[in-house]
Structure formats: structure tokens, C-alpha cells
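We just call them A, B, C and D in the order they show up, numbering each chain from 1.
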Amino acid sequence: MKSLWVMAAALGAALSLPAQAQDKVKLVDVIELSGAGAAAGTNWKNGADMAAADINAKGGILGKPVEIVHYDTQTNPGNTRAAVQRGIDEGAYAILGPIFSGPIGASMQISQRAEVAQIVGGEGAGFTKQGNPYIFRTSLSQTAAMPKIAKYLKDTVKAGSIAVVWVNNDFGKGGRDAILPELEKAGIKVAVDVSTEQGQADFTADAIKVKNANADAVFVYLNEEESARFLRAAKQQGIAKPMIGETTLLGAKVLELAGDAANGAKGHVGLSTDAPIPALQEFGKRYREKYGFASDHNGIKGYMAVFMVKWATERQKKLDKKGLADTLRGATIKASEEPGVLMDTVIEQNGDLDRESFLAEVVNGKQVINTTLPRIKP
Amino acid sequence: MSSVLEVHDLHKAFGGIKAVNGVSFSVNEGEILGIIGPNGCGKSTLFNCILGQLEPTQGAVKLDGRDVTNMRPSALNRLGVSRTFQLLQVFPELSVRENLILAGQEHQGSMLGRLFGARDAGLSEKAEQMIGFFKLGHLTDAKAGGLSYGQQKLLDAAMAFMAGPRLVLLDEPAGGVNLTMLGDLKERLRAINAEQGATFVVIEHNMDFVMSLCTRVIVLAEGRMLAEGTPAEVRANPAVIEAYLGH
Amino acid sequence: MSAPALQDAAASPPRAARRIDAALVALILGAVILWFAPVGMGRYGTYVLSLWLVMSIGVMGLNLTLGYAGQTSLAQAAFMGLGAYATAILTTKFGVSWYAAFGISGLLTFAVGLLLGFPALRVRTHYLAFVTLAFSTLVWLVLRNEQWLTGGTFGISNINRPEFFGIKLFGALEFHRFVVVVTLILSLALWWLIRSPWGRAFTALRENPVRAASLGIDTRAYTLLAFAIGSAYGGFAGALYAPLVEFIDPSPFALSQSFSLLLMVVAGGAGYLFGPFIGALLGVVLPEWLRFAGSLYLILFAAIVLALLVVCPQGVSGLAERGWNVLRRKSGGAR
Amino acid sequence: MAEFIAYLIAGIATGAIYALAAIGFTLVWQTSQTINFAQGEFVMLPAVLILLAVKLFGLPLWAGGLIGIAVFLLIFGAGFKLVVVDPMIKHGVLPLAIATMALSIIMKEGAKDGFSAEAQSFPSLVPTDMVNLLGISISLQHLAIIVVAFAAIGLLQWFVGGTKLGRQMQATAQNPTVARILGIPVERMVLLTFLLNAALAVVASLLISPIYLAKFSNGETIGLFAFIAAIVGGFNQVRGALVGGILIGVADSLAAAYISTQYRLAVPLVLLVAIILVKPEGLMGRKEERRV
């Protein structure tokens, strides 16, 4: 029986946490570092680390250094919840991450109950519609991005029919559910609707299916690696129709992996280190120097998230957790005031963002931005 | 005399090899029937076919006139047919008492009754009796795996009698048992036969054991029946002498 | 307890009986400790403790299937998923009380276990592993694809925690205590089952199915029941998981999680009553505790499990038993 | 019809990938009755090790390749057998299978932390051009995988049946006790099987990674499908891996084409259940004697 007490005591000691000193700005980053979201999460983590280093090099926030602790979620909702709870118990000033919708859904009530802001990388439509005043995005949501794609398909590509290829996870399914009504509104027929699996072995069958549908264009909404492999398979099958994507398809990683199979791909880009904005390009350059590979949009999001905290804290002039969320809600952050947010960003009452975005095309293995699209509500 | 077990024209082939090739016999109530034969004559295969462990290629097995061919071993056991195996088969992790209770519990009440009823399924007393009868008294709570070979053999036999079977098939009960134990075992078997009227079929190598225990003997050779009769008749049968000398 | 058992215990040295009582005492004492353990621990610690207990229930079920009846199931996480989704859908969409949903989850997974096990165990016993492998992935596909019912990849959120005679159990501590009580009840039920004649039959068919059958033990029925009851425990665990996390999506119920539950059973010690608690402690609490190691924590976790199994394939319980035997022999020699 | 053939060929090509990975399952099963749940990671890792060697030491690809392959054979051929399999083998199949699950986590997380969380392109040994076969275009890469899968299994069959060493290995697989009495160096034979398994994993890795990219998580899908392929084909026959792999690949491809892309995973699994209910030892498998 004695061993039982000892075990319980040890367990208690292991799971209770030391009190926190108030001389730092403690941010807890709850992020996908293993499991299905590991690639995205690693980019985000690097971006956030870079932001903290940049801030601390210039004296921190209100004179206090930023400390970021990363907790892996294993891309699992239950673990994410534990990690967010841990962050809050440790007195986190704000929670950063995660990126996947499931883990966000499982953890957002925790930060809401504790009245702590949670700045996430998710693009799925659902979680800002639940009236949670403590959740904030770092990018456009799919519901904001997809109308732009539909318009682009109708006006620029002039497609009458389209093949939709999507990855069957929360990211891909969310995007597909968001674009189908927009396509219908634009009068574009969906010739074939192809669901794929994350980590699928081979995309040849999918490419044949798309080829046989003979649509005017192909909308590709997959994660980075799968995008690259689909582009390669499509090229091998001789699909000559334009490949249209949203952010991921034109990402640096896809261009690197797909090689010349990516040439001619075009579409809408929310965040890109190739955007015609010097701050973004500069960020991309420094990121590559520091980590040895190009940042995708998640790296940019992680960087911006930390600077959103900095801006709001300096605006409220104190380290008040609830005040941080109140300051962010409905705010407009100008890049001229806070260069770290990289682009002018409008935060809506529900945590959605509105900002400029881009239309781009891949030419000779490089992303070329053609058009900068204005904010939805200028 | 009514027959407890009837075997009709039983065949069992493994690929091209005919291990049992048309064996028919019957066992009468209260009898101790011995089956002998050289190694590989099909004794164990015959047992396994009777007991549903193997599927006979052809033929029928009847218990009290009812066809039980291919019946599953567990169902057959619940009809009162019990057995031991050639190799020792007790449950080493359970105690002697637990082994015995296990051997009898499926004959007590219903499945649900066993779940919600007594932990020993009301068999503790019976087990104690059996332990006493087989002279394992000092080992009641010992793990079966820790017993000596002879003691395990006794336990193995005791388990076969736990449910008060009508018919017991013993596969080489004397194998590997020392002489003192052997006398003990023979005495126990005879006593059960006399007291409970249980019917036995014994496969054995040990001729002395069979000849002194059994009331009737069947001789198998190459899957067929070579001879049948009282021990004295079989001993005198020229075909049997030849088959045994021939080997 | 029945009269013969008492007589029996009185008549002979009751060593076995005393060991069983120790298990009972340890279960109740453990529950009392866990009732008070989270005081001053914060919500995170409390949540991890609750998660540990919930996973322990799932592992307990698998321990019955694997450790006692000797059958490998690769679908325990899928059964947890069925229980979690049944509870979530019934409570959020149909307003059914949690208690009813809990019962329905158990019955549903029990029935599915029977349906699944029946054909699989007819073929040949160890093919249950392969059939459950397929089943596990099929369940995951349905959970992900049938969005109208399960919320698809977006899951089901805002799953309410139950009330207990009008007391709301929304707080971490209150719900933890509720989980402790439910875990205790389920452990006691399993303790009863294992020491009943059924438990003896399970052990027998794991150790020697052929001999067991010759003693009248209906191996097919008992194996099927062990699997179905084990699956029902998965369902019960799921029914607690949903309100604990207050959100479910298909990912915690994927095949890899079934593997991970299997790992917990074996690492904790298959066939030991307390094995599941230790296994779940290894699987749930150890990675949390190893977080100080930063990005290497999962490697460290797997290396510990690997080393443990190489040193002692019977898991922690086996290791403890081995140590205990050595100690006893030493003290015996000293006397 | 042309469309059907195109799907069929795509399925065969994917199936050959699964088959290459599945051979390892059957080899290890035959000699040690072990299921290696890290098999997918065995196929993932060689490519990562090669890229890592290139990155760390700035070596040309061929030199990095040699180092990566040597390290892999040493650790995951010989080391795996000596450190993990040997101490555990006598305790039955399950603890060892669980240990390989832990091993797969170590390999996966190690590749992620030691190399990269992102996919990297891996140079192809064969040209990436397309060729036209009977009016169906197929890439040389896929063609090479199909050829190598068939050749590997043909060679293995020949080796096991036609050489002295192979027959010794076969004898060890079927009955180690008797083999030992016959004077066969059983330990060395088992070690040889594990080295062979690791070598085949390297071959698979070199062929698959140019298409599949080098990424820490790749083993999950390959491992699962190879496992299914081995069950379907029969665990105790090397050629079972080929039959099972191709069947699963074709089923997957045709399911995506004609049934449902959302449920494409379900079709190989339903096939699996159907086959083991009818023929539990797998399509090509030998019936294993019941051990009473």
C-alpha cells in the first residue's frame, strides 16, 4: 500500500507546476510538432521563435523579454487540450496555435474560460462562428479566400467547368465545402470531385480521373507535399489544363518539390514570402538563412502572431491578459506602426482577419505575383 | 448391457496417409476398454476423431445412441465425456484446487449463473474430496506448475473425473509415471470405476498396466483393428504376437 | 460472497483469498487517493489525471481481451470512438442524459463486438487481429466521411458534462471526481468478473485452449464474450472521453491509437489487474512528464518503452512481480 | 476500356510499391514468427539517412548513399536483430510486435528531429520520362518499381529453392531445432534474413522515395498497406507479398476510379476481410499445422 502513496505523491509532484515569475512575457505555443501536422507546425514554431528573437533583440515588450514555450499536440485534440490547460495553469500571457481545426476546437473553450487570448493558425471556417471572443486568426479564413478564387476562375481563367481535387482532412474538406457554393454562384460546373488522403502513396489514379473529366481547369487544394506530388502525376498524365490553387499550391515548398511540374500553376495567395511587400520578402530571406529552408505561410503566421501580442500589449501599456484580447478585438494593425505584423491587418469582432491578398502564377519555378487584391471591406 | 459409445467404420486420412482405416467398436456401460498397438498405429488419431478434435474423413460416433460425430469437444464434454491427453495438460498458473474447480465449473448452472454466482461455482467441497482421493492434500493451494511430474499426472487424471463423467478416455495415463505412482493411479482408476460406475477407454503402451486394469482389449495396427477380446484372449492371439514381434 | 467460499477460506490457509482482498483494498484506496489528489494541482494536472483514468478504462477492456483471453484486438480505439460518438451525438443532438448515453454506448460496443467477433473467431482465433484491423479503419472512415451525423473532419464540439443529482460537474475537479467514481465502479466490476468462474475460464483458454475445451469450456463463447466485454469497456471509456475533452473528431480513434492502447496493455503488464493503470500511466502521463526534454520527448518515451520490453517482456507488472519474488527469496534465505 | 487499363496499370505500379515493402513482413515472419510494425519506417529511413549524410558531410550523392546504406544495414539489419529481436523472441510474438511499434516511433521522430519535418525531394535512379506501352503512358520510374518487385521476388524464390545457402535458410525457417541438428548455423541464417530484409528495405526506399519524397511520416501509409498486402497474399510465402501487394494496389486504384474516392481505403480492407474469411492463410499462403 505504501508504494501506492509514493506513486500518488510522485504523480502529484510531476503534474503540479511551479509558480511563475512576472518578469517575462510568457507565451505558450501549443503546436503540431508530431503527427499529421508536423510540417506545418514546425514552420509556425520557427516563425514564432524568430519573432521572439527579433523582439528581445530590441528590448522586449514593455521592457520585458518574451519567452516562448512550445508544447507538442501530436495533432491530437485531447493532447492539445492538456497542453493549452498547462499553458494557462503556468500563467501564459497568451496562447499561440494550434493550426489544425480539430485541436483548435478541442482547446478554445479552455482559453475562453480563462479569458486568455488564443492566436491560432487555422483557416477552417467554423471556429470563429461560435461567438468565442478570445480566439484570433493569423490568416484569411477559407470563407474569405474562396470567393476570390471563384471570381478569378470566372473572370480571368474563364473556366466553365472545373475538376476539384482536395485532401480529406479538416483543411481540405473545409476548403472544398467553402468553394463549392461559390462555384455554383459563379456558374462554374464541377466536372469531378476527387477526395484524396493525406500521405497517399500514389496520385496516378487521381490524375487519370481528373484527365478523363476534361474540365477547363483543375482546382488543387492539398497540403504542400501532396500538392507537389499531384502536380508531378498530372504532368506525367499529360494534363494541360491550368492548375489553380489557394496559398498551398503556390507555396515555396511545392515549387521546390514539384520542379518544372509546377510551372503554369496559378491562383490566390493569402500569405507569401514572394509577395511584393518588402517586409514579407525580407522575412522570407532571413527565415531561409536561419533555418535552411523556405518558410511556408505557416511560418509567416507564427511570426505575425507574436507581433500581434506585442502590438496589443504596447497599445494597452500593461500585461493584462483579458485586456490583450479586448485590445485585439476589432483592431486595425498598421504595418507602419508595428512593422512585425508585415501587412496591414484588420481584426474583426469574431477574430476573423481582413487584409490584402495576391494573385500569383508560377513561372520558371518562381512564384510571380500578378495582382494585389484589396481587402474585402476596404 | 447397453453401449455408451459406438464407433462405426471410422476413417481419417492426412493427405494420402490413412491414419485410421475403418475402425468399429462399442464400449459397454461400466467397462474398462484398453486400446493398444505399436507407435503410429492410429490410437491417438482415433481418440481425437472420437472427441471432435479432428474431423473424421468418414464414419460415425454415437454416444448413448445419439450421433455426436464432429461435435465440438466442449459440447461433448458437457454430455459427460471426459479425457486426458498424452502430454501433460494442467494449467500451471492455477492452483491445484483452481484446476479442479475449472474442470467442473462448466457443468454447474448456466453461463450467467456462473458469472453472478459463487466464485468456486459450489465446487470447493468436491475439489477437496478429489484432492483427498488422489492424495494431493498437502498441495491444495500450490501452483500446478510447481508440482512434480507424477503429481501433475494425478492432478490431470483428477480433473478428468471432476465433473462425474459417464465416459472417460485416457491417453497413455501411465506414460512417464514411476512404479509407485503407477500402482496408486491404477488403484484410483479401479476405485472410481467400481464406485461411480464410470466407463473407461484407455490407450496405453504399458502392456502390464493395460492387461491388469482392463476388462477388454482392442489391438490396432496400421489404422485397422487386429484383434479384440479379454486380456488373456488377446495375449494368446497369434496375429497380435506377430504384429508385436514384427516390430 | 457465498457460504462455501467462506468455509473454504476458513478451512485452508487463505493465501489466495488474502491476495484478492489486497487487490480490492488497493482499488478502493487508490480511488480515495485519486479523489483528493488534484487538490492544489491546478486544472492541467487534474485534466491529465482524468485523461489517465479514462484511458485506463479503455486499456482495462483490452487487457481482458488480450491479457486474460489471449485475443489481439486492433480496434480498441475504434470502440472508444463508437462510444464517444454515440455519447456525443445522443447528448448534443437528441438531448439524452449522459447516463443513458453511457449505457447505450456500452451496449452498442458490446453488440458490435459480438457481431465482429463471431465470424472472425469462427475462422481461426488469431485472425481476430486482422478483422479488427480492417474494422478499425472502416470506423474511422465512416466517422470522417459521414458529416451529416458525425461532423466529419470538423468533429462535434460543446459536448456537455453530466450532472450528478443536480450537482453540475462542469469544473475540472468535480468532473475528475466523477471520473474516479466511474472508474472505480468499472474496475470493481472487472475485478468481480476476473475472480468469477468466467475469469478462471478466460485464463484457461489463454493458457491452453485445447485442454480447456476438453473440460467443457466453450472456448468460442468465452472468447467472444471476453472480446465483447473488452469492447464495451472501450465504449465506456469513449463515453467519458467525449465530455472530458468536450470535443471529439476522428483522430483520437484512428488505427494508430489502437496500436498505442495495445502498447499500454503490454507495457503495463498483460493479464495483471493493475497492469492497465500502469500502462495508461506510461502512455498518457509519461509523455506529459517528459515534456521537459523538449522536442526529444517522444523519442525518449519510445526508448523507455522499448528498453522496458527488452528487459522484461511482461511489462512493468511482470518486472514488479519478478522483483518481489527476488526479495521474498532473499528474505526467505536469511531466515 | 483504355481508361480501365490505365487505372489497372496505375494500380499495379502502386501495388508493386506495397509488394516491395511487404516482402520484409514475410521474410521476418518466416524466420522468426515476428511482425515488424516498423516495416514502413524501414522503407522510409534509408532515403533520409542518405540525404542526411549528404547534408552533414557535404558528400556527393553516391558517397552519401554508401554511408547511409551501410549505417542502415548495420543498425536496422544486424543491430535490430541482436538488440531487439534476440532477447525477446522467446517471449512470444506480441511483446516483440509492441517493441517494434516503439521502434517505429523512435525511427519516425528521429528522422523528423534529426533531419527535417518537411518532405525533401530524392534523386531518381531512373529517368523520370514517360513511355508508351500499348497506348497507355507509364513513367519509367513506375516501370522500374514493377520490374524490381518481380525480379526481387523471383530472385528470392530462386535463392531459397536453388542455392545451398537458401535451402539452409528455408530449413531454419521451417524448423530451427531440426536445422540445428543437421548442422546448419541457425543463428547465422537468422541474421542473414534480417540483413536481407534491411537490404530489401534499402532497395524499396531508393525506388519509392523519388516518387513519394523523403519524409519522416511516409512509413505510416506504406507500412499499413504492406501489412495488408502480406495478410492478403499470405505471411508465410514470399510470393504472397507480390500477389497481395498488386491486388491491394489495383483494388485501391479501381476503387478510387469507380466506387468512391472518400471510401477508397475501405475497398482493400473489405477485400482483406473477405479473403481471410475464405482462405485464412492468405491467397498464396501455406496452411500452418495446428499446434496441439
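As a working rule, a residue touches a chain if its C-beta (ideal position, glycine included) is under 8 Å from a C-beta of that chain, and two chains touch if they have at least 3 such contacts.
All values derive from a computational prediction rather than experimental measurement.
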Mutual neighbours - chains that touch chain A and chain C alike: D
Taking each chain's C-alpha mean as its centre, the one farthest from chain A: B
For chain A paired with chain B, centre-to-centre distance based on mean C-alpha positions, whole Å: 73
Distance between chain centroids, defined by C-alpha means - chain B, chain C (Å): 40
Whole-Å gap separating chain A and chain D, where each centre is the average of the chain's CA atoms: 35
Distance from chain D to chain C - Cα centre to Cα centre, in angstrom: 33
For chain A, residues that touch 2 or more chains besides their own: 33-34, 36, 168
Set of chain D residues in contact with two or more other chains: 109, 220, 262, 265, 292
Residues of chain B whose C-beta touches two or more other chains: 53
Parts of chain D lying in touch with chain C, wherever the complex brings them together: 37, 83-84, 87-88, 91-92, 94-96, 98-99, 101-103, 105-106, 109-110, 113, 220, 224, 227-228, 231, 262-263, 265-266, 269-270, 272-273, 276-277, 280, 292
Chain C-touching residues of chain B, taken from the complex the two chains share: 51, 53, 72-75, 77-78, 82-83, 85, 89-95, 98, 101-103, 105-108, 111, 114-122, 124-125, 128, 140-141, 159, 163
Residues of chain C that touch chain B when the two form their complex: 1-2, 4-5, 7-8, 11-13, 15-16, 193, 195-198, 200-201, 203-204, 207-208, 210-221
Residue numbers on chain D that touch chain A, as the complex places them: 3, 6-7, 10-11, 13-14, 17-18, 109, 112, 116-121, 130, 137, 139, 142, 211-213, 215-218, 220-222, 225, 252-253, 256-257, 261-262, 264-265
Chain A residues touching chain D - in the complex, by the definition given at the top: 33-34, 36, 38-39, 41-42, 168, 193-197, 199-202, 204-206, 208-209, 212, 224-225, 228-229, 232, 236-238, 253, 256-257, 259, 293
